[in-house]
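Two complexes, one shared chain (chain A), two partners (chain B, chain C).
After this line comes the complex of A and B, so read on.
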């Protein structure tokens, strides 16, 4: 692991992470307000990328067009990449989500899946099933030296633009009238209505902002990779959703943090040796053991009702966590009448299985220290992160900031 | 009894007469139609291609019956259901193909395929069933994709994107006996008609079992969990056990269907286990009616057979046919959940909730329930 390798991988991870963040913000804002997963958001992103690419192609830019023309084309592409997704997001909300408001959680999710499938097929019908490719531009291939590493200027542009947009969004949500309405609606829709907030308008606005950000994300992806496929939105959407959950869904700074963590994990995962990654797994194992041996027992002991609290009983709870499987199995077999003990035993079993799994992974990685994860497995990393975070900490790193009613 | 009293006046006589027919008449009619259809092929009246459509449709009927257990009866949305189908199909392919030179007995492979899928269902349900509805849907989606990507990437075991070819036809007799001719030679299932009847029998048995299960203690526990988990748990249902049973059972059905699919199609590749396939099965359940067994059967047949019939009837296969098909499926889901969430042939509970009852009366009931829930009754007093 040389320094320049670390720098280039970090910049790569940050770039990908920032793009995820742009999409993740749409998921997290809609979730914050409506408590549902806008599954079609990934397709809105694809549409943004497609219309931007076709605008660039229609203007006819190539490697040797004049700077003025290039600038004009980019502005036009940006405008289209913002406006078309905005209209799309607005229409989707109006047609497919609004009639379902107030129904149980999975009904709007089903509708969103329907919209997502339909949109993907529409993209094929309108633009064809071949990936759209834009000509190589000086702008997208230029690079600068940074710490002795060649870094693509576009990567830095993407990081800067995304950071700027996120600052703008934070200002919008925190300090403007409509932002206040959004926060109020997400806290309690009925109460917000009673206070005179037009919640329909606020929700529509949320969709407009989210879709615009996704559209810009689409433009940046097309510029960065030079091409986009009709089904790209599925994977990008899921990864962005993962990022949103990772940071704590409904939480705007959380989405950005989650996206950067995910982008870094993905990029580092496939570009460094297993021996290096193993240290992270080992750190995870130490954390896991701390949770199992110290943190959870302490919490559980606190749950004992005062009239039952004796030192022996406290010790038996702690033992269940520290000395599984022996105590755990004994408790599961013999002492099913004690609810707290048997629940703790089952919980301790799960924790221990997790730790054993981590230890096995770390051992495997140390043994095969010089191997690398093939890039074919890269999507699996994101899905695995999603599963693990949903299983063990569904509230995410920063917690679900604005979703829960008080 | 309630259905009769609640029926509104002014229905046409025919409609009334039809709705008074006992349920078994419809079942008998369906079985007769499904049973006679391949005879037309044997008699040379229809092409074998139609029989293939029939077999695949029946396999999808099985799949949607399985998904209906989790999605319709228990109210857990599973977006990675096709993964269990893949487990079954690959188990069969590995145990009964030249890949590893194995040819295990048909029934053993069938049972083992279902078992492997059930174990996968059990392993995935342990940590995920505590999640709430929408998160569960996404976790299962991620699980489905991980399974598919693993199949694609694990080339030494699965041949990756090329898939496994040359799966042996199911045989109830050993190959040595078959060589001798006679009865043993009859016990090989390798013609479309034979596959059709094999799958049909499986579907009928499955439908009967599931209907009984639905009306049993377990089925009622599932429905109770779907309607209100808190109330169900208070009434003494162990939520985790009941949900796990639903997931494991539905996984087993998918594994079973996957095994039949692998035997039938001879070749399997990751292409057959895309996320879209999971969505298609979800579509079938939504269209037919969540929780309704006849509905789900009809939903699967309509969505699987109808496009193929249109395609056959339209002659040459259009390259963008699949695109239009998925487009219509997508729109269909949206339209169904907005306008007829109870499905084509709704389950009893959904029917009482929506159409057979006077809408005003329903609204009153709903309002009073809602008021109680929100504690607004107290405000009015």
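After this line comes the complex of A and C, so read on.
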């Protein structure tokens, strides 16, 4: 594992992470105000990419186009990639979600899945089922040297553009009048209404912003990979949704953090050799042992009420926790130390098995240090990471909207 | 000069239950009117009808002679009715200052593009808004001073949350202010302070309709008192008239007690 490899993998992970983030923001913003997952959002992204690609094809750009024509075509593509998804998002909200607002939560969810399927078929009907491919442009294949590695300029552009959009969005939500209305609506829609906020308009605006970001994501993906398939929105949407949950659904910085974590894990997971990854597994093992043996017991001992605190009692609690940190939490609540001790053996066994398993995985990886994970495992790695993180932090890395909203 | 608020035979039922039954009353300019009544007598439903959360099944609600029955809650707010809530409904994750600024939503106009670009007129409006919010927060001396303004509303004490609800409702300079149990859960000293503040609001020219259980406060501030029971207005008049009305005594204490006092 050399430095230039790390640089190029990091830039690659950051690039896909930023694209996930652009889509994830739409999921998380809509969840923030409506408390439901807009499953049609992935298709809004696909439509953005398609209309951008067809605009480029219609203008007829190719590798020999003059810079002026290229710039014009890109501006036009950007305009349609923003406007068409915006209109689409607005219409979806108006006809498929608004009439169902206030019903039980499963109903708009079903509607969203229906819209998603309908849109996918509509894309096939309008654009055909073959992937749309744009001609290779000098712009999208150009590269620069960075720390001795060739990096695609476009990757840097994607990272910069996305970061800029996110800063703008943060400002919009934090400091503008409509942003305050969005936050108020997401906390208490009825109260917001009675404070003079037109919540219908605010929700429509949320869909407009989310869809525009997804549309820009679509354009960037088409530029970066050169082609897009009609069902691309499914996997991108799912991953962006994952990123939103990973960061804490409804939390805007959370979506960005979740997306970057996801992009990095995916890219690192399949781009580096097992010997490199093994260090991560070892780090996980050490961290797990630290939490189990030191952190949790210390924390729990602090929770013993002062009148019961004797050195012997503290020591027994520490011992119990070292053996059964997770089960013990619940049992101590009831202050049933004897019950705790009776379950400890089985539980300690299970925890030990977990550590032995991690150690075995690390050992296997070191033995096969030069091997790599097949790229087809990429989504699996992403979801494994999701599961592990959510096991320890059920509300996501930065917490859910309910506890910390921005 | 007509009444600020006029309810004409307003009725509202949930299922078979008449929550509000042919209710009529008026609130005049710069007056403080209190609605009292046992729990479940339809007071909060009346507030929800006035503030546009519910649409009355029959009857009409007039604000300065203009019908507002059936309008959306945000439109009603634009027309000049602002309220507080019995069960506090602050935007708890937003700061104290932001809560007041949200209360001004309907009286400001900053468009999206203009505010993203920070055009001069937006900045001017923002400055004016903050100054005005500051003025309103200063009406509660010592409660929302300095750094406390940028703290999230959830960090406030219970009494301060109640105060902040009033501040948020005042932010839009309402023609009619609805206070839903403004001193609920407060200790006597705090209640007294809020009572003085409500009197101050009258001096500033506000018109207030208030639901309150604390009879000390009702007696202290009300120009007029309306008593409700089972959705019906059972008495109206000065505090003393209403407090001694046999029907009101009966509603609160039962029939035997009413007979004993009669």
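Operating definition for what follows: the second predicted complex is superposed on the first by the 314 of 406 C-alpha atoms of A that agree within 3 Å, B and C clash if a C-alpha of one lies under 4 Å from a C-alpha of the other, contacts with A are read in each partner's own complex, and residues count from 1 in each chain.
Heads up, the rule we're going with is that a contact is a pair of C-beta atoms (placed from the backbone, for glycine too) under 8 Å apart; a residue touches a chain by one contact, two chains touch by 3 or more.
Computed from a predicted structure; not experimentally measured.
With both structures placed on the common chain, the touch criterion links A:280 to neither chain B nor chain C.
With both structures placed on the common chain, the touch criterion links A:199 to chain C but leaves chain B unconnected. By the touch criterion stated above, A:191 is placed in contact with chain C alone, chain B being left untouched.
By the touch criterion defined above, A:90 lies against neither chain B nor chain C after alignment on the C-alpha atoms of chain A.
By the touch criterion defined above, A:168 lies against chain C but remains apart from chain B after alignment on the C-alpha atoms of chain A.
Counted by residues of chain A touched, the larger count belongs to B, out of chain B and chain C.
Of the two partner chains placed by superposition, A:313 touches none, neither chain B nor chain C. Judged by the touch definition given at the top, the superposed model places A:122 against chain B, while chain C stays out of reach.
By the touch criterion defined above, A:176 lies against chain C but remains apart from chain B after alignment on the C-alpha atoms of chain A. Listed in rising order, the residues of chain A touching chain B in the complex are 36-37, 95-96, 99-100, 103-111, 113-122, 124-125, 129, 234, 238, 241, 245, 350, 374, 376-377, 379-380, 383-384, 386-387, 390-392, 394.
Taken in their complex, chain B has these residues touching chain A: 75, 77, 79, 126-128, 131-135, 137-139, 141-143, 145-146, 149-150, 152-153, 275-276, 279, 282, 286, 320, 323-324, 326-327, 329-334, 337-338, 341.
Note for the complex: chain C touches chain A at residues 51-53, 72-74, 76-78, 82-83, 85, 89, 91-94, 98, 101-103, 105-108, 110, 112, 115-116, 168, 172.
The part of chain A that touches chain C in the complex is made up of residues 168, 171-172, 175-178, 180-181, 183-184, 187-188, 190-199, 205, 404-405.
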